[in-house]
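Chain IDs A, B, C, D, E and F follow the sequence of writing; residue 1 opens each chain.
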Amino acid sequence: MKVTVCRKEHFNAAHRLHNPEWDDATNQKVFGKCNNPNYHGHNYDLVVHLTGSVDARTGYVIDMKVMKDIIREEVTDRYDHKNLNLDVADFKNLNPTAENIAGVIWNRLRAAFEDHLDLKITLYETERNYVEYSGN
Amino acid sequence: MKVTVCRKEHFNAAHRLHNPEWDDATNQKVFGKCNNPNYHGHNYDLVVHLTGSVDARTGYVIDMKVMKDIIREEVTDRYDHKNLNLDVADFKNLNPTAENIAGVIWNRLRAAFEDHLDLKITLYETERNYVEYSGN
Amino acid sequence: MKVTVCRKEHFNAAHRLHNPEWDDATNQKVFGKCNNPNYHGHNYDLVVHLTGSVDARTGYVIDMKVMKDIIREEVTDRYDHKNLNLDVADFKNLNPTAENIAGVIWNRLRAAFEDHLDLKITLYETERNYVEYSGN
Amino acid sequence: MKVTVCRKEHFNAAHRLHNPEWDDATNQKVFGKCNNPNYHGHNYDLVVHLTGSVDARTGYVIDMKVMKDIIREEVTDRYDHKNLNLDVADFKNLNPTAENIAGVIWNRLRAAFEDHLDLKITLYETERNYVEYSGN
Amino acid sequence: MKVTVCRKEHFNAAHRLHNPEWDDATNQKVFGKCNNPNYHGHNYDLVVHLTGSVDARTGYVIDMKVMKDIIREEVTDRYDHKNLNLDVADFKNLNPTAENIAGVIWNRLRAAFEDHLDLKITLYETERNYVEYSGN
Amino acid sequence: MKVTVCRKEHFNAAHRLHNPEWDDATNQKVFGKCNNPNYHGHNYDLVVHLTGSVDARTGYVIDMKVMKDIIREEVTDRYDHKNLNLDVADFKNLNPTAENIAGVIWNRLRAAFEDHLDLKITLYETERNYVEYSGN
């Protein structure tokens, strides 16, 4: 019996969209107000989805407390109340779009959770804009 | 790297469920209070899900602003504050159930978005009733 | 000890904003797309707030089940899946703006709940537009 | 044309996580505060997802009212305002983790809905913790 | 300049409504399924509202972190994953209706927050049922 | 008949809490991670509440479209995708705590809406932290 277990966490961060290989006019044209050199910010909501077999002894796919602690250690404690472009090494050379943030988070969590668990994440930049990534 | 990008839009519309091939008693029996000849209405929430490769230069699957503009042009500007049965050609000969509205919206959006992007939609008729369609 | 007890109910209805004393051009100018002669609709959420003393024997201001039944009998069963302009006598001669719907609902509920309970209502036309009325 | 129809219902219940084959210290270590011998509780939200062909006459995959009635008869009327461990036969010999509750609910609903409809369920224990199961 | 600062916290608990001065039939008649002798439960959401002057040096009415810590120490750490009737001294002789829980929480918080801050609380038993209390 | 009309808008912004009269150690001690010199950010939700008489001809306290346009012109167009500390003159000499942002927004809106309308605002910094201000 394979069940997907989902846990929602959040972090509040500043970011700016910018491609250093382009001049300012191109950046402004492509990224619009998201290119503001002084940054803007979001309350990000992150949902982690792990799929695996249910352990007959515990009735768990994974202890939700363990899951929560790993998400906080790998992601939210590193990103919360940070400027993603300036404070987080993951984005020193990577534009922090929702798509790229999701890719980085997925890689972090893939390394942290056991291999037999399938992993998907959903990252909400706002209530109306969000992305999903499952490593493919 | 393939990511799914999701955008939520909404529209407020009146509708009525009715099959013109049936008599009134049958329509009333099948569709109940949704068959009210004077219509009722909903705040519809539409989530559009597009899956594609992340462009290495922008970090985008698609510019969310482009995505939003297409959804508004193809769907919400056409349906918002309308009577789906009377005002919208799409439903002149099609019963506007959530399933059928989702089918029509999917076809509109499939024609508008580039072919390399996979498309799924979720349409909420109420917070408790919703449908999903991916063209299959 | 005075506590406020709140209960949320909902109804789905069609409506149209229109002042019969004005010509069509004026109505269109004032009410815009809400003036559509074929109606549009909403999922209305209604929150009823009753303030009163806590009964020492029950620990209740009012039995929430009684409160729910009265709201349904007086309001939601009458308005749900209806066209407010055409099907509901309350709006035969009253423009069904959120403000006016709230006034009518408040009067209905004021007559139905016991006098020693203070009454306020909140009516959501959408998640972003709502009104409050307390009889003043 | 295959569409997925989703319906959300809810129930409020008490439960306790416990494996009778383990001693108290092990149960406390594994299940932590969820092992409280006097129980705790949740507002569970259940979303049922049914995928099937749209009937050309009705425009429905399934009548949402039929779907709602089956969910209430099979699940929420049985579990609502109950102690899952003590009052519900389904959990007399099964630890009521979210994963196991989802498995039991899926089996109940699988037997109740017609075979040509694919079935998935989502069970929210809290807004932040939830599970999904589709019978695999 | 007086501002109201609001903080939401939550706890998951079991409870049962029961008046020991009444016989079982009366309790069952008054409290219905909430009288289940084996308990049921809820995800309670608690919003604390504090009104006071803004400190010109900090720009705070109160440090939200201090506010959160006091709410957790006084309320949610005591009630979370507990059976309110059996595990919490506050309800040994008090029926844990939403109204009474709100009264007890207000008293706890009134003693913990400084006197110059006005205090109101909102307690959600479910998304649809909630109460407000401000000490009057 | 006096009704309160409420409209929700949002903006995404970066900010940092800092008192320039204090040294870095004091700022860090008082504001903690909110003092990050590189900023963090939020999705702010703003609810504007206007109380006034219902116009008998329109059934409106105020045209919600006018209300929305004023909020956008006065507040959200100025603050959205901005760094409040660096880009917004309102906070050049004012620490952008939720309390202070609410005070500035209230003053802006008080000047923009007609005097006979009572004004209150609610500003959500996160789903769990928010403030209310009504000019007193």
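The rule is short, and it goes like this: a residue touches a chain if its C-beta (ideal position, glycine included) is under 8 Å from a C-beta of that chain, and two chains touch if they have at least 3 such contacts.
Computed from a predicted model, the values in this text were never measured in an experiment.
**Student:** Between chain A and chain B, which partner chains are common?
**Tutor:** Shared contacts of chain A and chain B: D.
**Student:** Note the shortest touch-path length, in steps, from chain A to chain E.
**Tutor:** The distance in steps between these two chains is 2.
**Student:** Strictly by the touch rule at the top, which chains does chain C share as contacts with chain E?
**Tutor:** Touching chain C as well as chain E, we find F.
**Student:** In terms of CA centroid distance, which chain is the most far removed from chain E?
**Tutor:** So the chain farthest away from chain E turns out to be B.
**Student:** Tell me which chain's centre, taken as the mean of its C-alpha atoms, is farthest from chain D.
**Tutor:** F
**Student:** Matching over half of the contact pairs by residue number, can you pick out the copy of the A-B interface from C-E, B-C or D-E?
**Tutor:** C-E
**Student:** Taking each chain's centre as the mean position of its Cα atoms, how many Å separate chain E from chain F?
**Tutor:** Distance between chain centres, rounded to whole Å: 29 Å.
**Student:** Centroid from C-alpha atoms only, then distance chain D to chain F, rounded to Å. What do you get?
**Tutor:** So the centre of chain D lies 42 Å away from the centre of chain F.
**Student:** CA centre of chain C versus CA centre of chain D: separation in Å?
**Tutor:** Spacing between the chain centres: roughly 34 Å.
**Student:** Spell out, as numbers or ranges, the residues of chain D touching 2 or more other chains.
**Tutor:** Answer for chain D, listing residues that touch two or more other chains: 127.
**Student:** Judged by the touch rule stated earlier, which pairs of chains are there in contact?
**Tutor:** Applying the touch rule to all chain pairs gives A-B, A-D, A-F, B-C, B-D, C-E, C-F, D-E, E-F.
**Student:** Using the touch definition from the top, list the residues of chain A that touch chain D in their complex.
**Tutor:** 1-9, 49, 54, 57-61, 63-65
**Student:** Given the complex with chain C, which residues does chain B contribute to the contact?
**Tutor:** Contact set of chain B toward chain C: 10, 12-15, 33-34, 36, 38-43, 80-83, 86-87, 126-127.
**Student:** Note which residues of chain E are touching chain C in the complex, please.
**Tutor:** Listed in rising order, the residues are 17, 19, 21-22, 30-32, 94-100, 102-103, 127-133, 136.
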